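In the two assemblies presented below, chain A is common to both, partnered first by chain B and then by chain C.
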Partner chain A sequence: MSFYKKRAFRPRTGFFKFTCCTGCGFELAYFQKSLEETLRSFDFTFFRLASSAGSPEGPFDLALVEGAVTEPFQIIELKKIREKSKVLYAVGSCAIVGGIPAIKALSPEIEIERAAYKERFFGLSSTRPNVIDDYVKVDGHIRGCPPGERDLEEALASVLLGKKPEFIEYSVCMECKRGGNACVLVEEGLPCMGPVTNAGCGALCPAHHRACYSCFGLMGQANVPALKGKFRKLGFSEEDIERFFTLFGALEPSSTLI
Partner chain B sequence: MTGASASQKDYKTVIPGDVFALWVDRLGEQYTLTGPVGGGVTARFEDISRFAQMDLDYQSTMLPPGKRYLFEPAEEILSYDISGESNIPGNNRETGGKQQKISVNLPGLPAGRRALIGVHPCDVNAILYLDKVFLRGPYIDPFYTARRENTFIIALNCKSVTDLCFCHLLGAGPYLKARAGYDMLLTDMGRGKGFLVELVSEKARELFDIFSSGRPPEEKDLSAMREAEASLLKGFKKNLDMAGLQNALLSRPDHHALTETSDSRCLSCSNCVMVCPTCFCHNVREETGLSLSRGGKSRIKKIRRWDACQDISFAKVHGGNFRAKRHARLRQFVFHKLDYEGQLGTKGTVGCGRCIRWCPTGIDLTEIAMAMMK
Partner chain C sequence: MKIKTEYLGRVEGEAGFRFRTKDGRLEELEINIWEPPRFFEGMLVGRRYDEAPDIVARICGICPVSHMLTSIRAIEKAIHFEPGPETQAARKIMAYSQIASSHLVHLVMLALPDYEGKDSMMELLTEKGKDTFFKKFIRVKEVFNGITRAFGGRALHPVSMVVGGFTSAPGKKEIDGLLSGLASSESDLEDIIGTMSGLKPPRLETGSELVCLSDDGGYAINEGRIVSSMGLNAMEDEYEGLFEEREAAYSNAKKTTLTQRGQIMTGAMARVGLKSGRLGTKARKLAFSAGLVTETNTIGKNKNPFHNIMAQAVELLHFAQECKNLLEIARASAGTKAGTGPLRPSPPPREGEGKALTEAPRGLLYHSYTLDRMGTIRKANIVTPTAHNYLAMEQDLRRLIEDNINLPAEGLRSLAGMLIRAYDPCFSCSVH
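So, the complex of A and B:
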């Protein structure tokens, strides 16, 4: 609907950041190939990385949110963002599956605080990490670390067209095979996480002869125990296997069966 | 089948290897040459410039040559541009009565000519299977048709079998029995003895201008071939009563061999389907790039990609997913390969063993079927 009036319709867009490296913001504002079109089609009324002007007050046609939730004030902010936005997309692995900041979920918070802040951790309100779906309704997940361009474009174009985005929901292996890459898991016994990882990157790592480390997060119905079994057979230690599965998936249920 | 006249009629000739190689190199002037590079079970079909780059002793490839080159992993099948105005009645409400124009662009059909060299019998049979889907199905696929017509297929009888091969159970190999649907058939007669070349198609008889520089096969050549085939047949490790499977698997849809294998080992990764030479499933998605903001003109592309019944979104339709359970998806693969003969009049497997080899957890459809039939 909106597309046909697009000359007038530049969605008012806010880009919000919680706990993360800001890589998704950089991708959107600097690195992606449709940068010019993005800036032309969307009215970024709040995007700290692109401009220090602008206000987070909204209202927004589109809110893009990166980062995991690790502090109480973020929960309140997130809820406010949701209230004043028509469409809200989670952007990147931190917001969607926890990503790198969620690694701290593996240790008691007190140990994390001590390690990071030595004796100066009084007054911190850092909590165990959570994904933004835990707190608000999310209209779509633009997966990746940083996002894959296909899903990013699909999400943005869908807002302009007023349609429901269709995100990729299958394994990295499918993209890997379509690309004709040698399989580093079967041929070489590298600990490739591709079979349980959501596609969208175009099988970037296997295409460069590396094992996928699951930076896009687990796909739906990922059979974690089955892949762990395979890694055990290949001779990886329990500690290593645990690390493979928690690098980006510390918040994922440890057994996503059936 | 001896004597020059008989072999002339059968279009069989024995050609020294180096002479044949020179002919292939010359064929490269008219065709893109594509053949197996790198040996063993991990060879791959690649575009080459000379015969010598190929390893015709290869055993298998990850991607099957037919599916890879005739049914591309991803291709644009249509695109359309939307500019400000349209005459489609339903759209006028949204445009406030303004007219929009939608123009449809059909991409040109693939035109390049390719010679696929050294295609094993299982893979030739797989091409014949894909033909039933794309050339003779209810819908004739113009892209596949164009590539099929432009592809010259030089088959090669196998010289070794692997532990995972079971083409012998389907009559698909190790020596090719089909007598049409491809262009030439090679049999390597062994060290220094050259190739026995059979010209199967009209096209081959036209292109193979060195036919008469070979010698007609003698009885000893043909008996050597029979012996080689017989000794290959002894090398197969897998056995299964293929004929007995039809409709038999289907009557045991929730057999524990299936559910237990799928729960404990199936990753739903779809590697099995991707490497399967007969898996023809694909999806067509509209890709709406951001370029739609350009000058009021939007280009929307329809891209067709290989799809797989193992992925969770495959059977998602309005209102639900009719294969939401993992074992229902694995069942679809196993049954489509080993049962469901009614669909295309033949089994969906050609016995190449790729799905077993490239499954990260080694799931073996023949083992599942065997356990189910017990």
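So, the complex of A and C:
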């Protein structure tokens, strides 16, 4: 108790949304279990989802950014956020790997945009989606769609403690084995993306008898060719395999996806 | 006098409003939804039918279950698959628990600060006492999130709800836990509902046609006929002929209305107004005492959109009860171990078209898909509740400003924000 009483540091925190579903914002402000502690420990000086007050001008001890970058004005805003923030974390798959909005990158802009708009098409400034690491230095990645609670807590606690966060950096298979699940890829021949996907969800899909669909994005040094080979042996077509890898990995350089 | 709010707080997504008054007259008014488009209708083309629910879930971080349910039912219609009664019951639990969660977020976090003269619910944290309103809110939210999590695997962007059914189901023990959670949160919930239904919203009278789904059985949510306060009664397959989407030069969201008719309002206000007779006893009583409906005339006579928050409080009570009823039924047929149940249903693809309408927390949600024989999506169309409410939101705002034109600028600005929030708009959905 005395530790908490003495601790005066209440980081000035900004939460910023780019192109996404606001799910990361809702995860932070509603779904996660340590909501009260989070709101008491951090001074959210800018968080539009939760408050009509506050300014995006900063300065911030911590900036949390969700969403992919798909509009020119977002690039300018992102650089401003970086400039006035001590620590900047990317939150969620859209910001980190492109997520679902990045599927747009797989087709010519005109085809995708024309499917949704008629006259308004001429007033749009939407570009090919990019991740925030493409534009600014990012201090850490809170992965997931929605972000995993463990990494979210680790990131927030690290800011309070002034330490470097240790994020989960191994595959879903590790969590799956620890959870004692039967392997849905080996035992049931489902196209499970677990072997190449960054953990953090607790192997949620295999635990619920379905194939992981990689909503946390590829982990570093994933052996993509090996998994593709396995999928081919199971009889999946090249088109199917392409779809599995592009659902949350549409922006991965094709060299890693042979 | 020019009044502009570029980025409105305490709403889902990005939007603002601006208006200009001169000599006591309103000259110009716009709600500009500048939420960046993601082009879901374009992104879905070329994807397989069984990927659609996981993709469309990401339209919205607060109503992913609704997008999943609507896409699943549209696709199942396209491939001529009929889900069994257990699957339909589990889908109801998913929908009801999500609507309750969504209403709870809106009522406590987004709307309530307006009535308490606060900028955010974070200011409620300073409240003294051992068992604060905020703690009650957290406990109730955990109960509803827990129900969605038990059936969907995850409360936000569920995983086990797929085309064909569910890949796993909770066991008896887990359902017991959910039921006891519901039982022990009853008084917390009553306190929250009591607070919300006791609020005094500003006056406003508008002329929206209320539109919702209805069926012969209960309080239609996952399917039903389209009905309205002006006598509309149509099948969901007739939707595209009845409604039209219009683009606006200043907004990334479209305005959708009934063709050749005026503004429409969907959501809790329309549902409670049009089918209060189907509410549970307690919820129906609350609807009467909150002035949403009267004993003599139950057909949507309340014309004040600010009362939408009361309607949400009524529904929160209704869906808490419905969740309890459905969980008790699910418990009877549940296995002793979690994870048992109708495993991995995967109905095969076929060529076809499927359209579905559901009630999302914020109102009517429409999805349609055209599939080729391999099950690849060739065409998709999605119309969301906030697109249905957009015109009414703008027209009502116009009326509100005209009614209060002599207020000082800041008064008008906060009143405008309060009205938009009362609609509980979801701007990410509206643009998608």
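Assorted remarks:
Quick note on the criterion: the second predicted complex is superposed on the first by the 247 of 258 C-alpha atoms of A that agree within 3 Å, B and C clash if a C-alpha of one lies under 4 Å from a C-alpha of the other, contacts with A are read in each partner's own complex, and residues count from 1 in each chain.
Here is the rule we go by: contacts are C-beta pairs under 8 Å (C-beta built on N, C-alpha and C of every residue); 3 or more make two chains touch, one makes a residue touch a chain.
Everything quoted here is computed from the prediction, not taken from an experiment.
With the C-alpha superposition on chain A as described, chain C and chain B fit side by side in the combined arrangement. Seen from the CA centre of chain A, chain B and chain C lie at an angle of 110° in the overlaid model, rounded to the nearest 10.
By the touch criterion defined above, A:160 reaches chain B but does not reach chain C. When the two structures are aligned on the shared chain, A:23 is found in touch with chain C, with no touch to chain B. When the two complexes are overlaid, the chain among chain B and chain C that reaches more residues of chain A is C. In the superposition on chain A, contact of A:76 is made with neither chain B nor chain C. Judged by the touch definition given at the top, the superposed model places A:44 against chain C, while chain B stays out of reach. In the superposition on chain A, contact is made by A:170 with chain B only, not with chain C. In the overlay built on the shared chain, the residue A:209 is in contact with chain C alone; chain B does not reach it. Closest contact between chain B and chain C, by C-alpha atoms in the overlaid model: 13 Å. Overlap of the chain B and chain C interfaces on chain A comprises residues 40.
Residues 1, 3-7, 34, 37-38, 40-41, 150, 153-154, 156-158, 160-161, 166, 169-171, 173-174, 177-180, 182-183, 185-187, 194-196, 219-223, 225-227, 229-230, 257-258 of chain A touch chain B in their complex.
Residues 7-14, 36-43, 45-48, 51, 54-55, 58-62, 64, 101, 105, 109, 113, 119-122, 125, 134-135, 138, 141-142, 145, 153-157, 159-160, 162, 167-168, 247-249, 252, 254, 339, 343-344, 380, 417, 428 of chain C are the ones that touch chain A when the two sit in their complex. Residues of chain B touching chain A in their complex: 42, 44, 62-63, 68, 73-74, 82, 91, 94-96, 98, 100, 263-271, 274-275, 285, 287-294, 296, 298, 305-306, 308, 311-313, 325-326, 357-361.
Remark: chain A residues 17-27, 29-31, 33, 35-36, 39-40, 44, 47-54, 70-71, 74, 99-101, 103-104, 106-107, 111-120, 123-124, 126, 145-146, 188, 190, 201, 204-205, 207-210, 213, 215, 240, 243, 247 touch chain C in the complex.
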